Amino acid sequence: MGQIFIYCGLFLSFLMLLSLYRAVFGPTVLDRLIGTNAVGSKTVVLLILIGLIYGRVDMFVDIALAYGLLNFIAVLAASKYFQKRRGLHDEMP
Amino acid sequence: MQKNAAPDQHKHTLDPSSEHTPRKRPIYPFLITFIIMFVTWILLSGKFDGFHLCLGIISCAIVAYFSGDLLFDSPRVKGLLGTWIRFVRYMPWLLYQIFIANLHLMYLTFHPRMMELIDPEIIKFKTKLKSDLALVTFANSITLTPGTITVDISTDGQFSVHAIDRHSGEGLPGEMEERIARAFGEE
Amino acid sequence: MKIIGLIIAVLTGILLIYATVDFPPWADPGSPASTYLSPHYIEKTMEETSVPNIVTAVLADYRGFDTMFETTVIFAAGVACFFILRTFKRKEPEEIFYRHTLTGMTIRVKNSGKVRQDLDEFERIDAMWTPHYLIVKTVARLLVPFIQLFGLYVIAHGHHSPGGGFQGGVILGASIILLAISHDMRTALGRMREKTTALLCTTGVLIYAGAGALCLLLGLNFLDYGALASILYTDPVTARSHGILIVEIGVGLAVMSAMIWIYSNVSSGGKYDEGL
Amino acid sequence: MIWQLDLAILTLVVIAAIGAITIKDLLGAAILFGSYSFMMCLLWSIMGAVDVAFTEASVGAGVSTVFFVAAVFRTSRRTKD
Amino acid sequence: MDIIVILLIICGLIFFTGGTVGLLRFPDFYSRLHPAGKLDTMGSLFIMIGLALFNLHHFSMGNLLTSLKLILIVVFVFMASPTAIHAIVDAGVRAGLRPWKKGDKRR
């Protein structure tokens, strides 16, 4: 079963790579935000998987819970920026 | 409203604390928050010796004191339990709907000619739901049902929803609103 | 400058990836890190302090002096933000915006005029106001108590699971920051005044240093919690465990209020008026 | 230590770091720094340093991104170089 | 028991894959949000249920509580994720991003 979890983790990190593509190359800042959000939701699952591989889920579940609760704050702050300052295409060089 | 008020009142405007005078709070929200928090604490902690339970009671009291009026903004307690039971009974239906709609979105995603299938549009409709919690549950249910995202709720209850194709958007508001209205007792 | 940073990042990354293969296996007793000093901690921690989590014991007891100054650094960061950014000039804002809650009309009051505060129909809004943020407000309202409870849980269970004062304090601070982001700055400040924040921050550091000084007064070394046994009516080993908890609470208080302090200073530009 | 996962996550960390350096827009850099801290947390937890991972999780996800965004909000969004 | 767990995990991984592929393939910001936010939420629901079942192999009080915590994570994710999506959409609308119409170029 541990082998299966390692393969699942590798697959998830591959998916994180793809989401990171959107975060790094996204045309607008909001695309980066979506990419980061997607990376965060995969991180929660991957943390639990690592905990199961090590056989100590009771330790890793706290970290995952903190992520599940706090991931939302960063996204909210970044999106609140756009509601106050409207320039989206400010980043064009 | 009065313009150019007396100069000695000016400092109240800058001082943020003067706008939130503490009011006498009813006791029920505090108690219910305490109970919910304590159940959550036991779930989190998993230690049943006296020392940790004492710590739990102190923590729950702190949280209930600090944010008892956040979890329940209205002092009305009657019918809370019934709302919760009906809300829990609403969940399986919602999960089933989410699952069905997710499959549709998966079909769209992996379709080779995806660009021809999707046709984003913004739908507007009015809802009859009143309370904040019902509106938010409705909005989040719409957002979770794939193919549709709530863009905005205006003050008079008008939703604008971004739908990814015709099929996803045509069912709104429909059955979901009925069920939420039933769950929150707003028929 | 950017090129230099890029080169450094790439080089470090290549070095780290190269070094990945040479790591010792997880929990290997023969690895260099665990041959010299750690066996002492691994064997003795449980009988000396009765704390299952060795990291907590090392942080708050064996290396307690270190952690005390870390807390002081956090406190210093909060104070520095306060001194640099906070403006005390009572310069009246150019214009203040109020909103009539029944009709949704916005009123702009120029040149230090004022709407009467005792009317319920008017609420003060930010100059760059975002209308009807209902969903985010409600969900944040529901989530904030759970985040706070989780933070307190992390502080209280530093002995048994990962976590402790620092992490719990950050989570508690994040809950207030969430309140400030989802509602507005004034709501969060109404719950957590500036003076309260500053007082809590100093209290946290004081609890830590005071626990140490108390041990000194009771006849043992600084931060040797075994001395607290006579006050807490327990044996020295349990007293060390409880002493760690007291210290964690101090760290949690200091970190929480430092986070709120820094956030409210940075995001409001020192005016404590309207924020992000 | 699971070296396969370790290698994969380390690559992601390097990619996120390089991305955060090269972006001209400071807000985008702050957001990417958030995802960098996610990866760092994963890396710590793979190495078995659970407490450090927890610190990274709470600070990185909850507070540091918010501070960066607030600082960008009060200053300018573009870098000089 | 193991087979159910593996099935659930594979189901979740398929949803995750769909979310990521959609994140890359869809033409504009608004339509990218659809897969990114929601398929991921669904995927994490499936994987978490699977892992919670797996965790109950050796039944004890502690394991039961850990599994319940996993479910608690799912509950919080189900509350927080749609709100985050809504906040991002709202930011996009306020920033003045026009939705993609049929026939436009991809952005």
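Should a chain be cited, it is by its letter among A, B, C, D and E, assigned in written order, with residues numbered from 1 in that chain.
In the analysis below, a residue touches a chain if its C-beta (ideal position, glycine included) is under 8 Å from a C-beta of that chain, and two chains touch if they have at least 3 such contacts.
All values reported here derive from a predicted model rather than from experimental measurement.
Annotation of chain A and chain D: jointly contacted by C, touch as defined at the top. Contact count check for A-E and B-E (C-beta pairs in contact): higher for A-E.
Separating the CA-averaged centres of chain C and chain D is a span of 19 Å.
Inter-chain spacing, taken between the CA centroids of chain A and chain B, is 23 Å.
Averaged C-alpha coordinates give centres for chain B and chain C that are 27 Å from one another. The residues of chain E that reach two or more other chains are 21, 33, 37, 41, 62, 66, 69, 72, 76, 79-81, 83, 85-87, 90, 94, listed in rising order.
Shown for chain D are the residues that touch two or more other chains, namely 2, 11, 48, 50, 53-54, 57-58, 62, 66, 69-70, 73.
Residue positions 40, 44, 46, 139-140, 150, 152 of chain B each touch two or more of the other chains.
Residues 14-15, 18, 21-22, 25-28, 30-31, 33-35, 37-39, 41-42, 61-62, 65-66, 68-69, 72, 78-79, 81-83, 85-86, 89-90, 93, 99-102, 106 of chain E are the ones touching chain B in the complex.
The part of chain A that touches chain E in the complex is made up of residues 1, 4, 8, 11-12, 15, 18-19, 21-22, 27-28, 30-31, 33-35, 37-38, 41-42, 44-45, 48-49, 52, 57-58, 61, 64-65, 68-69, 71-72, 75-76, 78-83, 86-88. Interface residues of chain A facing chain C in the complex, by the touch rule stated above, are 54, 58-59, 62-63, 65-66, 69-70, 72-73, 76-77, 80-81, 83-85. For chain D in complex with chain A, the touching residues are 2, 4-5, 8-9, 11-12, 15-16, 19, 23-25, 27-28, 30-32, 34-35, 38-39, 41-42, 45-46, 48, 50, 53-54, 57-58, 61-62, 65-66, 69-70, 72-73, 77-78. Remark: chain E residues 76, 79-80, 83, 86-87, 90, 94 touch chain C in the complex.
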